[in-house]
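Below you'll find the structures, each written out as structure tokens.
Two complexes are shown next, each including subunit A; its partner changes from subunit B in the first to subunit C in the second.
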Partner chain A sequence: MKHPSRTESVISPLFANLDALTSRGSELIINAQLHQQMLQVQGGRLCPEIIPINRMKRVLDLGCGAGEWIFDLAKRYPQLHIYGIDIFEDALNQAKMRRNIGCLHQVELRQMDLLHPLPIPDRYLDLVHIRRCASFITQPMWPHILGECVRILKPRGWLVLVEIEIGDISSPACQAIHRATLAALAKLGRTMDPTGLTFGAAQHLYGMLLQTPLDEVTYNLSTIDLGFMSGTSGRVFLTEILRQASFMKPVIIQQGILNATSFDELLAQAGRELLAPDLCGWAIIISAYGRQPERDGSNISM
Partner chain B sequence: MQYSKKTATVATSLRFQHYLFFREIGSLIPETVPLTEIKQVLDVCCGPGAWCIEMASLYPDMQIVGVDIDADLIRIAQQDVVQARESLPIFECCTSLEKLPYASNRFDFIHLYHSNAGTTPQIRPALLLELWRILRPGGWINLVELEIGPVSSAAADTLFSHLRQVASNDIGELRLTSAVLYPQLLAQAGYRDIQYSLYPVDLGNQKGHMGRDYVMSVLANDRQIASFLDRMGVATREEVEVLLRNMIQDAQQIDYFCAGMLISAIGVKPFLTSGDTPVLG
Partner chain C sequence: MDNYVVGYGEHNQATLTGGETQSARDDLAPLGDPLGWPSTPGSTRTSSHVLEQVLHHHIVQAHKGLLPPSINPYGLKRVLDVHCQTGAWAIDLARTYPEIHVIGIDTDPALIEIARHNTEISQMKHVLFYEYRAPSALLTSGAASPLKESDPASTREHRQSMGPIKGGDPTRGEGWAAAGVRFPIADQSCDFVHLFLYSPLFQSSEWPFFLGECKRVLKIGGSINLVSLAWGPGSGEAYSRLIMLMEQLLHKRGYSFSEQSGPISPGVFLCHLLREAGFAHVMYTLFPVDFGGWNNSLGRACCQLLLRELRMTRSLLLQYQLIDDKTFEDLLWQQQQEIEASHFCTTAALISTVATKQ
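Up next, the complex of A and B:
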């Protein structure tokens, strides 16, 4: 009998046991799956096509988590020296173990708060990558972080920002619970969309990059199909919506958006609706990127 | 022949919409549909007929019919056909899409862009019932819609799309921008082999202004929405006008970002064995 992998055992009984979603372990596993799905819908690319990683030497992944992106990059480009920074110790510990098991000495990992200046010299890196970190970055922090990125990028180096926004989903309960999560985040001032109807970070990446001294600012769009008709690839994103809701449950209740009973009912209802064979929904991955000018812009104020 | 400035603007916007959609989807008919089995084609809400005219020129052996409730747009379509000198699609005006002047089981393929431009009604069960009647067993129905609003840098866009959803939910009908419900809707109507495809449409301001211009043209023409939202009590006519003005202003900002999603859902009308009745009605 095939022994189910650790990942399958979390994802498949997921809708039956929603409590398991809030554990930190499930977040790491979901992140690993999300990374694979994001790669798949982006044609297997770790970066926008135009960026010549094969000619680069030093890359930084800010908010690297357990290193999903970093280790794929290291395997494909053995010439690279890759730095990973994250504030969460357990994710970083997992990344360190993976580095040691894989003997990937080209990877250097460090625990750090992104709010502090980065211990990296000026004009040092060919590429800085920040993916799915927006929920840990408040709006006033962004200019500081982007300013640091510009400072440490070499002339002609690239900055890549990647975020996801949920567009629409046919399950009313799932939509309601996602809206409740966003409303709670909005009350805490953590959404970039002032209406709190969307998270908003992905939509503002382009605008924020336009405000830096970077050149050639542009973006790519990739679609995530949240339904099952073209396979089950959207399932992990649905899981992530429910995980975020479960994680935010205390705030949702405390802020008076839903009471505990209606939250639980809605979550259970969403779990049922998400199994509908005609489920349809979409999310968008936005990769916005820009390039350091030949004469570096580190002295230009943001 | 003279048309009102408004009709001409709507026609331009709808042609533009066709161009924008076609550029993203890359084909006029979903690739899963075997073209050899398609002879009789109907385009519901055909507007100025851009899709029909392109179909007729690509597939001269097919009989293409476009139907719309807007008589002016149909006259524009008929005029365009004469100018194009292509193999001719037929354009017809009808008073109600829910009572179409076609024989039962006539069409092999029915296409419906539910445009946001305010010239077409919502997709209601009665419309699907009528389309079921005129589609032959084994024929295909293809519903296409662009969702704009939920993913935009402009708060007004997000708010506007939310108001539309709230208003439509209140009347127990489909949400106005509700393309994610199409697969479910087709399944409930009795169609089989339902599939859908998603195509992101860049409506923001990077490179060219194609998408941005489209959003603007939709907003400029979509005045019916104000009275609809007013009637539903979710916002007064004045509030909606202010919101629309904000949206047009936001869309002109250099850092305007908006990603629309084009959803194309397709289903097959099954061959019924005797005693079977459609789930419709």
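Up next, the complex of A and C:
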């Protein structure tokens, strides 16, 4: 059993200055740690078990960020040619640097807006993977993006969508800040759950895939531990939530969800509550996936 | 101590209510709906009972077993299932491990009668069920009792005011911890205490007393396992709206653990509560629960159970002016449609908390 007091001493410097967390360096650390945690709860698998990556040739990761998923995949499957696309230059530069250091010539990275048609031929890829991109994709964009994915997938190729949704947190202030962020996003029409209870993308992945021509559509669930049993990683994840909330502070205030004083108070309170020895919380990962039919759906006349 | 149904030592079979058991199971027909649901078209006693069994099997599957892996079932002699409902878990445990003597307690006599009936069908002698409410003898006994009110009338009034969220029978389930009702079980007589909850069960202020009772009946070195179902994201909009309504209602009725309305499930707060109650080695494990997908009719049936629970809260929601009757009816109807839709994807987490008495 991990003793909570030991983890406290490790994590508390992180909370010494919440502003420091908005810096780029810590964002990369947090994303890397989150990737490791997601990998762990999914039994070390980078994709649902049913997908035979070892027999694949070309894989695309949309919204690859700093390439956490890509580099793990490249290490395990040297035969793969992997493409990574992201709109954010900072993260991509980081990924390019890592690719060059690791001499992973099999990885190709490109900066691109997902809204535009992808410069990839039809029926070219064995697997398209989109993970944790929902906050950058609005609801009307999804059909376009999924349509593009279906276009570029080979017959019998797989499309995998992975999103996280936060569940309950034993820190009331942290939960309140998370809810305030969601409420602000909901008012702007940026969430897929109009109530603001959840962000809403994860639970809609399955339904969205069912509307594409893909076959064998299904989904898997896993839980992420956000509490003391996870050691420091739960706290790191929750810190990421607070960091995103600080980023959203002007919007939260502008939308009239909270005023500046109460936001700051809640944030400080959340920082203290995350140090509780019996912190408990969970998030859920939904991986929805489907398979291109034998004959490309777009060629079949209805 | 004479009031305890289950005494010290090896008098495992001791019972005060043996005669009643006999008469109760002979005639089940006059019973109302065992889960206290109002009769709505299509809702029968049998289907409620079946739904509870379905939920039990779905949860045990998600939990990967009846007991947490840290518990050695062959080291257990006597196990207590608190809030046992119709005894699905208790009977399942007794069937799986015939050496264990299982006791189930619940505040609802109708549920206990069904549980006893089920035991009778499966011909098991090592699982016993007891109704557990506040007889005046119990209320006045024991100088060390933390009970403040010994007058049954005032207790009843108190219970109604603190009352259940369901707005129905105030003696059912919720509220009894507030009245300081002790378990009909002797001190240090159990090796293991189990509780499964999918609704908040107690107000936040009632938990310390309840956990104190669990601790009292546990032997030194005995363990407690609280398994809490926390509803997660769901694909339906009506589902989200109903969850939010429940949060507001529970907050107004004192079931919330924070100043704002918070999670419906007390799951994430159980570690803290157990530690506060003086338990040691508090640990939890998370399990995902799936209610949707194309190949999950059990999951969808479990969601019907939620829908029935929600239907119960109508009068309270109206009383607190959280919603009007028409909108609520529309939401329930919409939720029903969502459950039947092919793209239905609703999730939950099981928080299984284990702690030891030292």
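Following the convention adopted for this analysis, the second predicted complex is superposed on the first by the 282 of 302 C-alpha atoms of A that agree within 3 Å, B and C clash if a C-alpha of one lies under 4 Å from a C-alpha of the other, contacts with A are read in each partner's own complex, and residues count from 1 in each chain.
One rule holds in what follows: contacts are C-beta pairs under 8 Å (C-beta built on N, C-alpha and C of every residue); 3 or more make two chains touch, one makes a residue touch a chain.
Just so you know, these numbers come straight off a predicted model, no measurement behind them.
Taking subunit A as the common reference, can subunit B and subunit C both be placed on it without clashing, or not? Answer clash or fit.
Clash.
Touching A:176, do we find subunit B (first), subunit C (second), both, or neither?
Only subunit C is touched by A:176; subunit B is not.
Looking at A:124, would you say it contacts subunit B, subunit C, both, or neither? Reply first, second, both or neither.
In the superposition, A:124 contacts neither subunit B nor subunit C.
Once the shared chain is lined up, is A:165 touching subunit B (first), subunit C (second), both, or neither of them?
both
If we overlay the two complexes on their shared chain A, which of subunit B and subunit C does A:77 touch? Say first, second, both or neither.
In the superposition, A:77 contacts neither subunit B nor subunit C.
Once the shared chain is lined up, is A:247 touching subunit B (first), subunit C (second), both, or neither of them?
Neither partner.
Who does A:136 touch here: subunit B (first), subunit C (second), both, or neither?
So A:136 meets neither subunit B nor subunit C here.
Hey, what residues of subunit A end up touching subunit B and subunit C alike?
After superposing on chain A, subunit A residues 165, 167-170, 193-195, 197-198, 202-207, 210, 218-219, 221-223, 225, 227, 229, 276-278, 280-282, 284, 286 contact both subunit B and subunit C.
Across the complex, what residues on subunit C touch subunit A?
Residue list for subunit C touching subunit A: 230, 232-235, 237, 240-241, 243-244, 257-260, 262-263, 265, 267-272, 275, 281-290, 292-295, 342-343, 345-347, 349, 351.
Across the complex, what residues on subunit B touch subunit A?
Counting only subunit B, the residues touching subunit A are 147, 150-153, 155, 158-159, 162, 177, 179-184, 186-187, 194-200, 202, 204, 206-207, 254-255, 257-259, 261, 263, 265.
Give every residue of subunit A touching subunit C within the complex, in rising order.
So the residues of subunit A in touch with subunit C come to 1, 165, 167-170, 172, 175-176, 179, 193-195, 197-198, 200, 202-207, 210, 217-219, 221-223, 225, 227-229, 276-278, 280-282, 284, 286, 288.
Within the complex, which stretch of subunit A touches subunit B?
That would be residues 165-170, 193-195, 197-198, 202-207, 210-211, 218-219, 221-223, 225, 227, 229-230, 276-282, 284, 286 of subunit A.
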